[in-house]
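Each structure below is given as structure tokens.
Below, subunit A partners subunit B and then partners subunit C, in two separate complexes.
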Partner chain A sequence: MSTIIAAGITVEGEIVADEDLQIGGTVRGKLTSKDVVAIEAGAVVEADVQAASLTIGGNLVGNSHVTERVDLLAGARVIGNVKAARITIAEGAQFKGNVDMDV
Partner chain B sequence: MAESYETTIGPRTRLRARVHGDGDVSLEGQVEGNIALGGKLTVHEGGSVKGETSASDVVVHGDLEGPVRSDGTLHVGSTGKVNGVVKVTALSLDDGARFHGQVIASFDLPAELAEKISAPAAAPTVGARR
Partner chain C sequence: MAESTVIGAGTRIRGRIHGDGDLLVDGFVEGDVKVSGEVVIGASGLVGAAVQGSRITVRGAVRGDLSATLSIHLEEGARVVGAVRAPRVSVASGAMYRGILHTAAPGEPVPTIAGLAVTPAVQTPAAKAQAAPLARPAAPVIQAGLAVPGRAPAPAVIAAPAAHAVNVAPAAPVVNVVNVAPAVAPSAAGHGFSAPLVSATAESDSDGENLDTDDAEGTMPALRRGARGQVAKKRG
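== the complex of A and B ==
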């Protein structure tokens, strides 16, 4: 099972998930998952993110703290600091912030 | 995975947030906060809402606590539990459903009934008081 926030839906507040989180809509606040968080193309996330793994194809404004890996896909726009053990930034991704791989 | 999908709050997800927008929401987890949807809200068994809810239609098989507003139907299934003031066009309860609260239903009555309902307050019928 997983949680999906589809395009057209806005969540303002705190999300705590013990499962995968797929975001196509808008999330403002705080986002915590013990599994994979996927921010899809077109999604807008203004939140601090804590996750095991984070994939970004959309927009993220906020700091992320990830235990495993962060993947910025082509088309991603990220403003904020990223702390993760592994990180990839695809060609075509935009990123502004600090990277901390020292976990 | 990326076909057209609806918003789903999984069973192991908790939201302390305001949820709004167009489209349907299927809830198996917990939401603490207000929900305002252009589409339908379905609260599955095990799912719960604490807050004000407004949606085009509301179906409850889990727990819902708080006022509900809908221009459509509130349906409470046999495992559903609703606690709150409910202002909807139509309400249906399955056998086993639990409901506690007030129902403010808005629907049109046939003209002759509508007159009877609105008249008594102004002109009490004979013998009504003693």
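== the complex of A and C ==
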């Protein structure tokens, strides 16, 4: 079972999860998961993100620290630094920030 | 709304949740919840703040006021401490509840029964004055206990639930439960101060109180016990 923040819902504060996080709504604060975090198209996340894996189709403002991979899908808009072992940026994704791949 | 919001059993949220849509809480939420749709607190769910929605169904634990525009259902296994207010309210057999209950929509006056003035129970200033001094003597005792390493102070903590049961029962019918907390000061204060102590011994202490709270409000031991397993699991 995973956690879903659906479109229309806003969470202001800290989310800590041992499981998948699927964000379709708005999150402000801090986001931590031991598993996959998915920020869907239309979602707004203004938070620092820590996760095993991060997929972004929506808006992210904040730094992300990911142990495995980050995927910026077409339509993603990211402002912030990304630290991850692997990163993909799809054509059409907007990105402003530093990338740190531990090289 | 295509899909509703789910707070899974392995998720903890500290902060506010608000907006349009339905909400299922199987995890832990410490912060006000205010949504336009239906709210379900699942059996493993724990909410430590006020909840507002159109319909609220509780199978888990809530410490805070529940307020719904349509209905509130406390189902079997529900553990609720706080005011409940909705036009329609049901409490199933097996639900545990302590608090004041109004069958009226939020913001509307409570219907009066002919010849009976129904007023919300409010704690009198006298009761507050009495509760405040009571709370203080408890603190040094527990803090002294904190200094002792290991399990030595445990009996004092284990005694707390019993004290609850005895103290709370007579007070409940007249006083709003949210306000009752200070009145059971010796044990209630013990909770607040004992939290770090108990967490150290929690793994082996089957009768220990819940550890996860930083507030000093007294709650039903059952409420905390119900939540404990889940919280302890996550911690480990």
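Assume the second predicted complex is superposed on the first by the 102 of 103 C-alpha atoms of A that agree within 3 Å, B and C clash if a C-alpha of one lies under 4 Å from a C-alpha of the other, contacts with A are read in each partner's own complex, and residues count from 1 in each chain.
Keep this in mind: contacts are C-beta pairs under 8 Å (C-beta built on N, C-alpha and C of every residue); 3 or more make two chains touch, one makes a residue touch a chain.
Just so you know, these numbers come straight off a predicted model, no measurement behind them.
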Quiz item: subunit B versus subunit C on the shared subunit A, clash or fit?
Solution: clash
Practice problem: Report for A:Gly42: first if it touches subunit B alone, second if subunit C alone, otherwise both or neither. | Solution: neither
Quiz item: Touching A:Met1, do we find subunit B (first), subunit C (second), both, or neither?
Solution: both
Exercise. Examine A:Gly29 and indicate which partner it touches, taking first as subunit B and second as subunit C; both and neither are also allowed.
Key: both
Quiz item: Does the superposition put A:Glu19 against subunit B (first), subunit C (second), both, or neither?
Solution: both
Exercise. Quick one: classify A:Gly97 as touching subunit B (first), subunit C (second), both or neither.
Key: neither
Quiz item: Should A:Gly75 be classified as contacting the first partner (subunit B), the second (subunit C), both, or neither?
Solution: neither
Quiz item: Counting only touches as set out at the top, which of subunit B and subunit C does A:Val11 meet: first, second, both, neither?
Solution: both
Practice problem: Name the stretch of subunit C, from among 21-29, 165-173, 183-191 or 201-209, that runs into subunit B once the two structures are superposed. | Solution: 21-29
Quiz item: Hey, what residues of subunit A end up touching subunit B and subunit C alike?
Solution: 1-21, 24-26, 29
Quiz prompt | subunit B-touching residues of subunit A, taken from the complex the two chains share | solution = 1-22, 24-26, 29, 40
Quiz item: Across the complex, what residues on subunit B touch subunit A?
Solution: 1-2, 5-23, 25, 28-29, 33, 37
Practice problem: Within their complex, state which residues of subunit A touch subunit C. | Solution: 1-21, 24-26, 29
Quiz item: Which residues of subunit C touch subunit A in the complex?
Solution: 1-21, 23, 26-27, 31, 35, 234
